[in-house]
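Two complexes are shown next, each including chain A; its partner changes from chain B in the first to chain C in the second.
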Partner chain A sequence: MSTSIDDNELPKANVTRILKHALPASTALQKDAKLAISKASTVFINYLSATANDIAKSANHKTITAPDVFKALEVLELEDFVPKLQEAFTGTKMNANYHISYKAALY
Partner chain B sequence: MKKKYKTKFPVARIKKIMQMDEDVGKVAQATPILISKALELFMQSLIDQACVETRSRNAKRLTVAHLKKTVQNTEQFDFLKDVVAEIPDPIENANADEVKTEGDAKPARTQRAAPSRRKPKKEEEDEEF
Partner chain C sequence: MSEELSHSIINAGTAPGAQPVFDLAKFWQEQLSLADNFDSDFKNHPLPLARIKKVMKTDQDVKMISAEAPILFAKGCEIFISELTRRAWIHAEENKRRTLQRSDIATAISKTDMCDFLIDIVPREEVCEFIS
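Coming up: the complex of A and B.
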(Lines of atoms letter the chains of each structure in order from A and count residues from 1; the text may use other names and numbers.)
(Lines give C-alpha, C1' and ligand atoms only; values in the text may rest on other atoms or scores of the structure.)
Protein backbone atom coordinates (compact mmCIF):
# COMPACT_ATOMS: atom_id res chain seq x y z
CA MET A 1 0.00 0.00 0.00
CA SER A 2 1.41 3.32 -0.95
CA THR A 3 -0.11 6.40 0.53
CA SER A 4 2.82 8.48 -0.54
CA ILE A 5 1.56 12.00 -0.76
CA ASP A 6 4.51 14.23 -1.50
CA ASP A 7 2.75 17.14 0.10
CA ASN A 8 3.07 15.46 3.40
CA GLU A 9 6.77 15.04 3.43
CA LEU A 10 9.12 16.98 5.60
CA PRO A 11 10.79 20.03 4.14
CA LYS A 12 14.08 19.17 2.50
CA ALA A 13 15.97 21.92 4.27
CA ASN A 14 15.31 20.50 7.70
CA VAL A 15 16.18 17.00 6.62
CA THR A 16 19.42 18.19 5.06
CA ARG A 17 20.40 20.08 8.17
CA ILE A 18 19.99 17.10 10.40
CA LEU A 19 21.73 14.75 8.03
CA LYS A 20 24.65 17.10 7.79
CA HIS A 21 25.10 16.97 11.52
CA ALA A 22 24.48 13.27 11.68
CA LEU A 23 26.94 12.14 9.07
CA PRO A 24 30.58 11.69 9.94
CA ALA A 25 32.86 14.08 8.11
CA SER A 26 34.30 11.43 5.89
CA THR A 27 31.02 10.11 4.57
CA ALA A 28 28.87 11.60 1.86
CA LEU A 29 25.27 10.83 1.16
CA GLN A 30 23.80 9.47 -2.02
CA LYS A 31 21.04 11.65 -3.37
CA ASP A 32 18.51 8.84 -3.35
CA ALA A 33 19.46 7.97 0.17
CA LYS A 34 18.36 11.39 1.30
CA LEU A 35 14.97 10.83 -0.27
CA ALA A 36 14.72 7.45 1.35
CA ILE A 37 15.50 8.90 4.74
CA SER A 38 12.93 11.60 4.23
CA LYS A 39 10.34 8.97 3.43
CA ALA A 40 11.41 6.90 6.39
CA SER A 41 10.89 9.93 8.58
CA THR A 42 7.32 10.32 7.43
CA VAL A 43 6.70 6.67 8.12
CA PHE A 44 8.26 7.08 11.53
CA ILE A 45 5.86 9.88 12.38
CA ASN A 46 2.92 7.81 11.25
CA TYR A 47 4.07 4.81 13.17
CA LEU A 48 4.75 6.72 16.35
CA SER A 49 1.47 8.61 16.07
CA ALA A 50 -0.61 5.52 15.50
CA THR A 51 0.91 3.87 18.52
CA ALA A 52 0.51 6.96 20.68
CA ASN A 53 -3.04 7.22 19.47
CA ASP A 54 -3.81 3.70 20.59
CA ILE A 55 -2.32 4.46 23.96
CA ALA A 56 -4.38 7.61 24.28
CA LYS A 57 -7.51 5.72 23.40
CA SER A 58 -6.87 2.98 25.87
CA ALA A 59 -6.34 5.63 28.52
CA ASN A 60 -9.65 7.12 27.51
CA HIS A 61 -8.57 10.48 26.29
CA LYS A 62 -9.14 11.77 22.82
CA THR A 63 -6.11 13.93 22.53
CA ILE A 64 -2.65 12.55 21.97
CA THR A 65 -0.48 13.94 24.70
CA ALA A 66 3.22 13.98 25.40
CA PRO A 67 3.02 11.15 27.96
CA ASP A 68 1.27 9.09 25.29
CA VAL A 69 4.18 9.64 22.99
CA PHE A 70 6.68 8.64 25.65
CA LYS A 71 4.76 5.46 26.27
CA ALA A 72 4.60 4.80 22.57
CA LEU A 73 8.38 5.05 22.32
CA GLU A 74 8.71 2.37 24.93
CA VAL A 75 6.22 0.16 23.18
CA LEU A 76 8.14 0.53 19.94
CA GLU A 77 11.35 -0.42 21.69
CA LEU A 78 12.75 3.01 21.18
CA GLU A 79 13.18 3.69 24.85
CA ASP A 80 16.73 4.70 24.11
CA PHE A 81 15.32 7.98 22.95
CA VAL A 82 13.41 8.65 26.12
CA PRO A 83 16.17 10.04 28.36
CA LYS A 84 17.32 12.54 25.75
CA LEU A 85 13.78 13.60 25.06
CA GLN A 86 12.95 14.07 28.67
CA GLU A 87 16.07 16.10 29.07
CA ALA A 88 14.98 18.34 26.25
CA PHE A 89 11.60 18.86 27.76
CA THR A 90 12.23 19.33 31.43
CA GLY A 91 12.17 22.92 32.45
CA THR A 92 10.44 24.05 29.34
CA LYS A 93 6.78 24.71 29.40
CA MET A 94 6.30 21.78 27.10
CA ASN A 95 6.52 19.61 30.11
CA ALA A 96 5.45 16.02 29.80
CA ASN A 97 2.57 16.62 32.13
CA TYR A 98 1.32 19.60 30.27
CA HIS A 99 -1.44 19.01 27.87
CA ILE A 100 -3.83 21.41 26.29
CA SER A 101 -6.13 20.38 23.57
CA TYR A 102 -4.91 21.90 20.43
CA LYS A 103 -7.72 24.28 19.58
CA ALA A 104 -6.43 24.57 16.12
CA ALA A 105 -6.96 20.86 15.70
CA LEU A 106 -10.32 21.92 14.47
CA TYR A 107 -9.02 23.43 11.29
CA MET B 1 25.94 22.44 27.15
CA LYS B 2 23.70 21.24 24.41
CA LYS B 3 24.25 22.26 20.88
CA LYS B 4 21.48 24.60 19.98
CA TYR B 5 21.09 24.29 16.31
CA LYS B 6 17.69 24.78 14.87
CA THR B 7 16.67 21.40 13.63
CA LYS B 8 13.10 21.47 14.66
CA PHE B 9 10.67 20.43 12.03
CA PRO B 10 7.64 22.59 11.25
CA VAL B 11 4.99 21.75 13.76
CA ALA B 12 2.15 22.13 11.31
CA ARG B 13 3.72 19.70 8.87
CA ILE B 14 4.22 17.11 11.55
CA LYS B 15 0.66 17.45 12.65
CA LYS B 16 -0.48 17.08 9.07
CA ILE B 17 1.49 13.90 8.69
CA MET B 18 0.13 12.58 11.96
CA GLN B 19 -3.39 13.23 10.82
CA MET B 20 -2.85 11.35 7.60
CA ASP B 21 -4.12 8.56 9.78
CA GLU B 22 -7.86 8.96 9.99
CA ASP B 23 -7.81 7.38 13.34
CA VAL B 24 -5.75 10.16 14.81
CA GLY B 25 -7.91 12.89 16.23
CA LYS B 26 -6.81 15.79 18.34
CA VAL B 27 -3.21 16.34 19.10
CA ALA B 28 -1.88 18.20 22.12
CA GLN B 29 0.24 21.24 21.40
CA ALA B 30 3.35 19.71 22.86
CA THR B 31 3.09 16.54 20.87
CA PRO B 32 4.38 17.57 17.44
CA ILE B 33 7.27 19.30 19.13
CA LEU B 34 8.10 16.17 21.05
CA ILE B 35 7.83 14.13 17.89
CA SER B 36 10.07 16.56 16.08
CA LYS B 37 12.78 15.87 18.61
CA ALA B 38 12.16 12.14 18.52
CA LEU B 39 12.44 12.31 14.76
CA GLU B 40 15.81 13.94 15.05
CA LEU B 41 17.01 11.14 17.29
CA PHE B 42 15.57 8.59 14.96
CA MET B 43 17.33 10.00 11.94
CA GLN B 44 20.59 10.14 13.81
CA SER B 45 20.15 6.54 14.84
CA LEU B 46 19.35 5.46 11.32
CA ILE B 47 22.38 7.21 9.91
CA ASP B 48 24.64 5.82 12.61
CA GLN B 49 23.54 2.30 11.90
CA ALA B 50 23.67 2.71 8.15
CA CYS B 51 27.18 4.10 8.44
CA VAL B 52 28.30 0.88 10.01
CA GLU B 53 27.22 -0.82 6.84
CA THR B 54 28.90 1.84 4.74
CA ARG B 55 32.15 1.43 6.57
CA SER B 56 32.06 -2.33 6.38
CA ARG B 57 32.05 -2.00 2.62
CA ASN B 58 34.76 0.60 2.59
CA ALA B 59 32.44 2.95 0.81
CA LYS B 60 32.65 6.70 1.05
CA ARG B 61 29.02 7.34 0.36
CA LEU B 62 26.06 6.17 2.30
CA THR B 63 23.74 4.68 -0.28
CA VAL B 64 20.21 3.34 -0.31
CA ALA B 65 21.68 -0.12 -0.44
CA HIS B 66 23.25 0.46 2.96
CA LEU B 67 19.98 1.78 4.28
CA LYS B 68 18.14 -1.22 2.99
CA LYS B 69 20.59 -3.61 4.59
CA THR B 70 20.42 -1.75 7.87
CA VAL B 71 16.64 -1.81 7.98
CA GLN B 72 16.57 -5.48 7.20
CA ASN B 73 19.08 -6.26 9.89
CA THR B 74 17.76 -4.07 12.69
CA GLU B 75 14.63 -5.03 14.55
CA GLN B 76 14.05 -1.49 15.67
CA PHE B 77 13.59 -0.46 12.06
CA ASP B 78 11.15 -3.18 11.19
CA PHE B 79 8.48 -0.67 10.36
CA LEU B 80 10.67 0.70 7.59
CA LYS B 81 10.68 -2.53 5.66
CA ASP B 82 8.06 -1.27 3.27
CA VAL B 83 9.95 1.92 2.60
CA VAL B 84 13.11 0.14 1.60
CA ALA B 85 11.25 -2.50 -0.33
CA GLU B 86 10.71 0.15 -2.97
CA ILE B 87 14.43 0.52 -3.32
CA PRO B 88 15.78 -1.60 -6.12
CA ASP B 89 18.10 -4.31 -5.01
CA PRO B 90 21.56 -3.06 -4.32
CA ILE B 91 23.77 -3.06 -7.32
CA GLU B 92 27.30 -2.34 -6.34
CA ASN B 93 27.41 0.67 -8.57
CA ALA B 94 30.99 1.59 -9.02
CA ASN B 95 30.18 4.02 -11.76
CA ALA B 96 29.19 6.59 -9.22
CA ASP B 97 29.05 10.30 -9.88
CA GLU B 98 31.82 11.90 -7.98
CA VAL B 99 30.38 13.54 -4.95
CA LYS B 100 32.53 15.96 -3.10
CA THR B 101 34.05 14.12 -0.23
CA GLU B 102 35.07 16.67 2.30
CA GLY B 103 38.52 16.52 3.71
CA ASP B 104 39.63 13.57 1.72
CA ALA B 105 42.35 14.23 -0.76
CA LYS B 106 43.66 10.75 -1.24
CA PRO B 107 42.62 9.16 -4.47
CA ALA B 108 42.03 5.95 -2.59
CA ARG B 109 39.97 3.91 -4.96
CA THR B 110 38.86 0.73 -3.36
CA GLN B 111 39.80 -2.09 -5.58
CA ARG B 112 36.50 -3.78 -5.98
CA ALA B 113 35.52 -5.47 -9.16
CA ALA B 114 34.63 -2.38 -11.07
CA PRO B 115 35.53 -2.69 -14.71
CA SER B 116 33.49 0.34 -15.60
CA ARG B 117 35.70 2.62 -13.58
CA ARG B 118 37.56 5.28 -15.40
CA LYS B 119 41.05 4.02 -15.85
CA PRO B 120 43.70 6.44 -14.77
CA LYS B 121 44.81 7.87 -18.04
CA LYS B 122 47.41 9.92 -16.34
CA GLU B 123 50.19 7.79 -17.59
CA GLU B 124 49.27 8.42 -21.16
CA GLU B 125 48.97 12.11 -20.64
CA ASP B 126 52.35 12.30 -19.15
CA GLU B 127 53.85 10.92 -22.23
CA GLU B 128 52.30 13.45 -24.48
CA PHE B 129 54.55 15.30 -26.81
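Coming up: the complex of A and C.
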Protein backbone atom coordinates (compact mmCIF):
# COMPACT_ATOMS: atom_id res chain seq x y z
CA MET A 1 0.00 0.00 0.00
CA SER A 2 1.51 3.31 -0.99
CA THR A 3 -0.40 5.37 1.57
CA SER A 4 -1.76 4.30 4.92
CA ILE A 5 -4.77 5.46 6.84
CA ASP A 6 -2.82 8.20 8.57
CA ASP A 7 -1.70 10.03 5.44
CA ASN A 8 -5.11 11.24 4.38
CA GLU A 9 -7.20 12.48 7.22
CA LEU A 10 -10.26 14.65 6.84
CA PRO A 11 -9.83 18.12 8.38
CA LYS A 12 -10.29 17.96 12.15
CA ALA A 13 -12.45 21.09 12.25
CA ASN A 14 -15.03 19.72 9.82
CA VAL A 15 -15.23 16.39 11.61
CA THR A 16 -15.56 18.06 15.00
CA ARG A 17 -18.33 20.31 13.71
CA ILE A 18 -20.38 17.38 12.45
CA LEU A 19 -19.75 15.56 15.74
CA LYS A 20 -21.01 18.47 17.80
CA HIS A 21 -24.16 18.78 15.73
CA ALA A 22 -25.01 15.16 16.45
CA LEU A 23 -24.67 15.57 20.20
CA PRO A 24 -26.71 17.60 22.64
CA ALA A 25 -25.23 20.97 23.52
CA SER A 26 -22.53 21.35 26.17
CA THR A 27 -21.05 17.92 25.65
CA ALA A 28 -17.34 17.48 26.10
CA LEU A 29 -15.35 15.48 23.61
CA GLN A 30 -12.30 13.47 24.55
CA LYS A 31 -9.36 14.13 22.22
CA ASP A 32 -9.01 10.44 21.42
CA ALA A 33 -12.68 10.30 20.54
CA LYS A 34 -12.31 12.94 17.83
CA LEU A 35 -9.31 11.11 16.42
CA ALA A 36 -11.13 7.79 16.49
CA ILE A 37 -14.08 9.17 14.55
CA SER A 38 -11.76 10.83 12.06
CA LYS A 39 -9.95 7.55 11.40
CA ALA A 40 -13.26 5.72 11.24
CA SER A 41 -14.57 8.04 8.54
CA THR A 42 -11.41 7.62 6.46
CA VAL A 43 -11.84 3.87 6.64
CA PHE A 44 -15.52 4.28 5.81
CA ILE A 45 -14.60 6.10 2.59
CA ASN A 46 -12.11 3.36 1.71
CA TYR A 47 -14.59 0.61 2.42
CA LEU A 48 -17.44 2.22 0.50
CA SER A 49 -15.31 3.10 -2.52
CA ALA A 50 -13.81 -0.39 -2.70
CA THR A 51 -17.31 -1.83 -2.73
CA ALA A 52 -18.55 0.75 -5.25
CA ASN A 53 -15.51 -0.01 -7.40
CA ASP A 54 -16.35 -3.71 -7.44
CA ILE A 55 -19.91 -2.90 -8.45
CA ALA A 56 -18.71 -0.63 -11.24
CA LYS A 57 -16.40 -3.35 -12.52
CA SER A 58 -19.12 -5.96 -12.49
CA ALA A 59 -21.30 -3.56 -14.50
CA ASN A 60 -18.42 -3.15 -16.95
CA HIS A 61 -17.64 0.52 -16.59
CA LYS A 62 -14.35 1.89 -15.35
CA THR A 63 -15.72 4.96 -13.62
CA ILE A 64 -17.38 4.92 -10.22
CA THR A 65 -20.74 6.62 -10.77
CA ALA A 66 -23.45 7.79 -8.40
CA PRO A 67 -25.70 4.72 -8.94
CA ASP A 68 -22.69 2.53 -8.10
CA VAL A 69 -22.33 4.30 -4.78
CA PHE A 70 -26.02 3.85 -3.96
CA LYS A 71 -25.85 0.18 -4.85
CA ALA A 72 -22.76 -0.18 -2.64
CA LEU A 73 -24.63 1.31 0.31
CA GLU A 74 -27.32 -1.32 -0.07
CA VAL A 75 -24.76 -4.11 -0.36
CA LEU A 76 -23.09 -2.97 2.84
CA GLU A 77 -26.47 -2.97 4.63
CA LEU A 78 -26.35 0.77 5.03
CA GLU A 79 -29.75 1.33 3.42
CA ASP A 80 -30.66 3.77 6.17
CA PHE A 81 -28.28 6.24 4.61
CA VAL A 82 -29.95 6.08 1.22
CA PRO A 83 -33.00 8.38 1.67
CA LYS A 84 -31.05 11.29 3.20
CA LEU A 85 -28.33 10.86 0.63
CA GLN A 86 -30.79 10.84 -2.27
CA GLU A 87 -32.32 14.05 -1.01
CA ALA A 88 -28.99 15.82 -0.57
CA PHE A 89 -27.77 14.55 -3.89
CA THR A 90 -30.71 15.72 -5.97
CA GLY A 91 -30.31 19.11 -4.27
CA THR A 92 -26.70 19.58 -5.38
CA LYS A 93 -27.34 18.01 -8.76
CA MET A 94 -30.07 20.51 -9.47
CA ASN A 95 -27.75 23.36 -8.58
CA ALA A 96 -25.08 21.97 -10.88
CA ASN A 97 -27.50 21.64 -13.79
CA TYR A 98 -28.73 25.15 -13.22
CA HIS A 99 -25.21 26.54 -13.57
CA ILE A 100 -24.52 24.49 -16.66
CA SER A 101 -27.72 25.52 -18.44
CA TYR A 102 -27.25 29.16 -17.46
CA LYS A 103 -23.76 29.21 -18.89
CA ALA A 104 -24.89 27.40 -22.02
CA ALA A 105 -27.59 29.99 -22.56
CA LEU A 106 -25.05 32.80 -22.52
CA TYR A 107 -23.29 31.64 -25.67
CA MET B 1 -34.67 49.19 -12.85
CA SER B 2 -34.23 45.52 -13.51
CA GLU B 3 -37.56 45.19 -15.36
CA GLU B 4 -36.78 47.76 -18.07
CA LEU B 5 -33.16 46.72 -18.40
CA SER B 6 -34.00 43.06 -18.68
CA HIS B 7 -36.77 43.71 -21.20
CA SER B 8 -34.43 45.70 -23.44
CA ILE B 9 -31.77 43.00 -23.25
CA ILE B 10 -34.25 40.25 -24.04
CA ASN B 11 -35.79 42.07 -26.97
CA ALA B 12 -32.53 43.24 -28.49
CA GLY B 13 -31.62 41.15 -31.46
CA THR B 14 -34.76 39.03 -31.55
CA ALA B 15 -37.39 39.35 -34.22
CA PRO B 16 -40.70 40.79 -33.00
CA GLY B 17 -42.89 38.02 -31.69
CA ALA B 18 -39.98 35.55 -31.40
CA GLN B 19 -39.47 33.70 -28.11
CA PRO B 20 -36.48 34.98 -26.13
CA VAL B 21 -33.97 32.18 -25.74
CA PHE B 22 -33.02 33.11 -22.19
CA ASP B 23 -35.51 34.78 -19.90
CA LEU B 24 -33.38 37.19 -17.94
CA ALA B 25 -36.25 38.64 -15.92
CA LYS B 26 -37.33 35.19 -14.82
CA PHE B 27 -33.76 34.29 -13.94
CA TRP B 28 -33.41 37.31 -11.66
CA GLN B 29 -36.76 36.63 -10.02
CA GLU B 30 -35.68 33.11 -9.22
CA GLN B 31 -32.31 34.28 -7.91
CA LEU B 32 -34.00 36.78 -5.61
CA SER B 33 -36.38 34.19 -4.22
CA LEU B 34 -33.51 31.75 -3.74
CA ALA B 35 -31.59 34.42 -1.85
CA ASP B 36 -34.61 35.16 0.33
CA ASN B 37 -35.10 31.51 1.15
CA PHE B 38 -31.44 30.87 1.84
CA ASP B 39 -31.34 29.85 5.45
CA SER B 40 -28.26 27.68 5.82
CA ASP B 41 -25.42 28.99 7.93
CA PHE B 42 -22.30 29.82 5.97
CA LYS B 43 -20.12 27.90 8.37
CA ASN B 44 -21.57 24.56 7.35
CA HIS B 45 -19.05 23.58 4.68
CA PRO B 46 -19.10 20.10 3.19
CA LEU B 47 -16.02 17.94 3.55
CA PRO B 48 -13.28 18.82 1.01
CA LEU B 49 -13.88 16.89 -2.20
CA ALA B 50 -10.19 16.73 -3.15
CA ARG B 51 -9.31 15.09 0.15
CA ILE B 52 -12.11 12.57 -0.28
CA LYS B 53 -10.88 11.77 -3.75
CA LYS B 54 -7.36 11.21 -2.40
CA VAL B 55 -8.68 8.79 0.20
CA MET B 56 -10.65 6.93 -2.47
CA LYS B 57 -7.51 6.63 -4.54
CA THR B 58 -5.48 4.99 -1.77
CA ASP B 59 -7.09 1.85 -3.10
CA GLN B 60 -4.95 0.91 -6.11
CA ASP B 61 -7.92 -0.78 -7.69
CA VAL B 62 -9.88 2.43 -8.00
CA LYS B 63 -8.98 4.15 -11.25
CA MET B 64 -11.59 6.63 -12.43
CA ILE B 65 -14.11 8.47 -10.31
CA SER B 66 -17.07 10.44 -11.63
CA ALA B 67 -17.56 14.00 -10.40
CA GLU B 68 -20.73 13.18 -8.50
CA ALA B 69 -19.18 10.38 -6.44
CA PRO B 70 -17.13 12.54 -4.01
CA ILE B 71 -20.19 14.72 -3.41
CA LEU B 72 -22.15 11.63 -2.39
CA PHE B 73 -19.27 10.46 -0.23
CA ALA B 74 -19.11 13.80 1.56
CA LYS B 75 -22.75 13.60 2.56
CA GLY B 76 -22.46 9.89 3.31
CA CYS B 77 -19.52 10.55 5.62
CA GLU B 78 -21.48 13.25 7.38
CA ILE B 79 -24.36 10.87 7.99
CA PHE B 80 -21.91 8.18 9.09
CA ILE B 81 -20.20 10.46 11.60
CA SER B 82 -23.54 11.64 13.03
CA GLU B 83 -24.86 8.11 13.32
CA LEU B 84 -21.73 6.72 15.00
CA THR B 85 -21.58 9.67 17.40
CA ARG B 86 -25.19 9.23 18.45
CA ARG B 87 -24.71 5.54 19.11
CA ALA B 88 -21.58 6.29 21.14
CA TRP B 89 -23.43 8.98 23.07
CA ILE B 90 -25.94 6.40 24.26
CA HIS B 91 -23.12 4.61 26.06
CA ALA B 92 -21.78 7.80 27.56
CA GLU B 93 -25.21 8.58 28.94
CA GLU B 94 -25.55 5.07 30.34
CA ASN B 95 -22.41 5.72 32.36
CA LYS B 96 -23.73 9.12 33.43
CA ARG B 97 -20.92 10.98 31.71
CA ARG B 98 -21.11 14.22 29.75
CA THR B 99 -17.84 13.54 27.99
CA LEU B 100 -17.79 11.34 24.91
CA GLN B 101 -14.81 9.02 25.23
CA ARG B 102 -13.03 6.77 22.82
CA SER B 103 -14.29 3.74 24.72
CA ASP B 104 -17.86 4.83 23.97
CA ILE B 105 -17.09 4.87 20.28
CA ALA B 106 -15.39 1.48 20.52
CA THR B 107 -18.44 0.03 22.27
CA ALA B 108 -20.79 1.51 19.70
CA ILE B 109 -18.75 -0.02 16.90
CA SER B 110 -18.73 -3.45 18.49
CA LYS B 111 -22.49 -3.31 19.00
CA THR B 112 -23.31 -2.29 15.44
CA ASP B 113 -23.27 -5.05 12.83
CA MET B 114 -22.69 -2.72 9.95
CA CYS B 115 -19.55 -1.34 11.59
CA ASP B 116 -17.70 -4.65 11.51
CA PHE B 117 -15.14 -3.14 9.19
CA LEU B 118 -14.11 -0.75 11.96
CA ILE B 119 -13.37 -3.33 14.63
CA ASP B 120 -9.61 -2.98 14.34
CA ILE B 121 -9.58 0.75 13.84
CA VAL B 122 -10.82 1.74 17.26
CA PRO B 123 -9.42 -0.87 19.63
CA ARG B 124 -11.00 -1.16 23.05
CA GLU B 125 -7.69 -1.50 24.84
CA GLU B 126 -5.58 1.39 26.08
CA VAL B 127 -2.64 1.18 23.73
CA CYS B 128 -3.02 1.87 20.04
CA GLU B 129 -0.15 2.56 17.69
CA PHE B 130 -1.72 5.21 15.56
CA ILE B 131 -2.23 7.69 18.36
CA SER B 132 1.42 8.00 19.43
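Please note the rule applied: the second predicted complex is superposed on the first by the 85 of 107 C-alpha atoms of A that agree within 3 Å, B and C clash if a C-alpha of one lies under 4 Å from a C-alpha of the other, contacts with A are read in each partner's own complex, and residues count from 1 in each chain.
The rule we apply is simple: a contact is a pair of C-beta atoms (placed from the backbone, for glycine too) under 8 Å apart; a residue touches a chain by one contact, two chains touch by 3 or more.
Note that the structure is predicted; figures quoted are calculated from it, not measured.
Of the two partner chains, both chain B and chain C are touched by A:39. In the superposed model, A:49 makes contact with both chain B and chain C.
Once the two complexes are laid over each other on the shared chain, residue contacts for A:78 go to chain B and to chain C alike. Using the contact criterion defined above for the overlaid structures, shared-chain residue A:25 touches chain B, although it does not reach chain C. Across the two superposed structures, the residue set of chain A contacted by chain B and also by chain C is 3, 5, 8, 10-11, 14-15, 17-19, 21-24, 26-30, 32-33, 36-37, 39-50, 52-53, 62-66, 68-70, 73, 76-78, 80-81, 84-85, 88-89, 102, 105.
For chain C in complex with chain A, the touching residues are 21-22, 27, 43-45, 47-48, 51-52, 54-56, 58-66, 68-69, 71-73, 75-86, 88-89, 98-102, 104-106, 109, 113-114, 117-118, 121-122, 130-131. On the side of chain A, the complex with chain B involves touching residues 3, 5, 8, 10-11, 14-15, 17-19, 21-30, 32-33, 36-37, 39-50, 52-53, 62-66, 68-70, 73, 76-78, 80-81, 84-85, 88-89, 94-96, 98-102, 105.
Interface of chain B with chain A (complex): residues 2, 5-10, 13-18, 20-21, 23-31, 33-35, 37-48, 50-51, 54, 60-64, 66-67, 75-76, 79-80, 82-84, 87, 99-104.
Residues 1-3, 5-8, 10-11, 14-15, 17-19, 21-24, 26-30, 32-33, 35-37, 39-50, 52-53, 62-66, 68-70, 73, 76-78, 80-81, 84-85, 88-89, 92-93, 102, 105-106 of chain A are the ones that touch chain C when the two sit in their complex.
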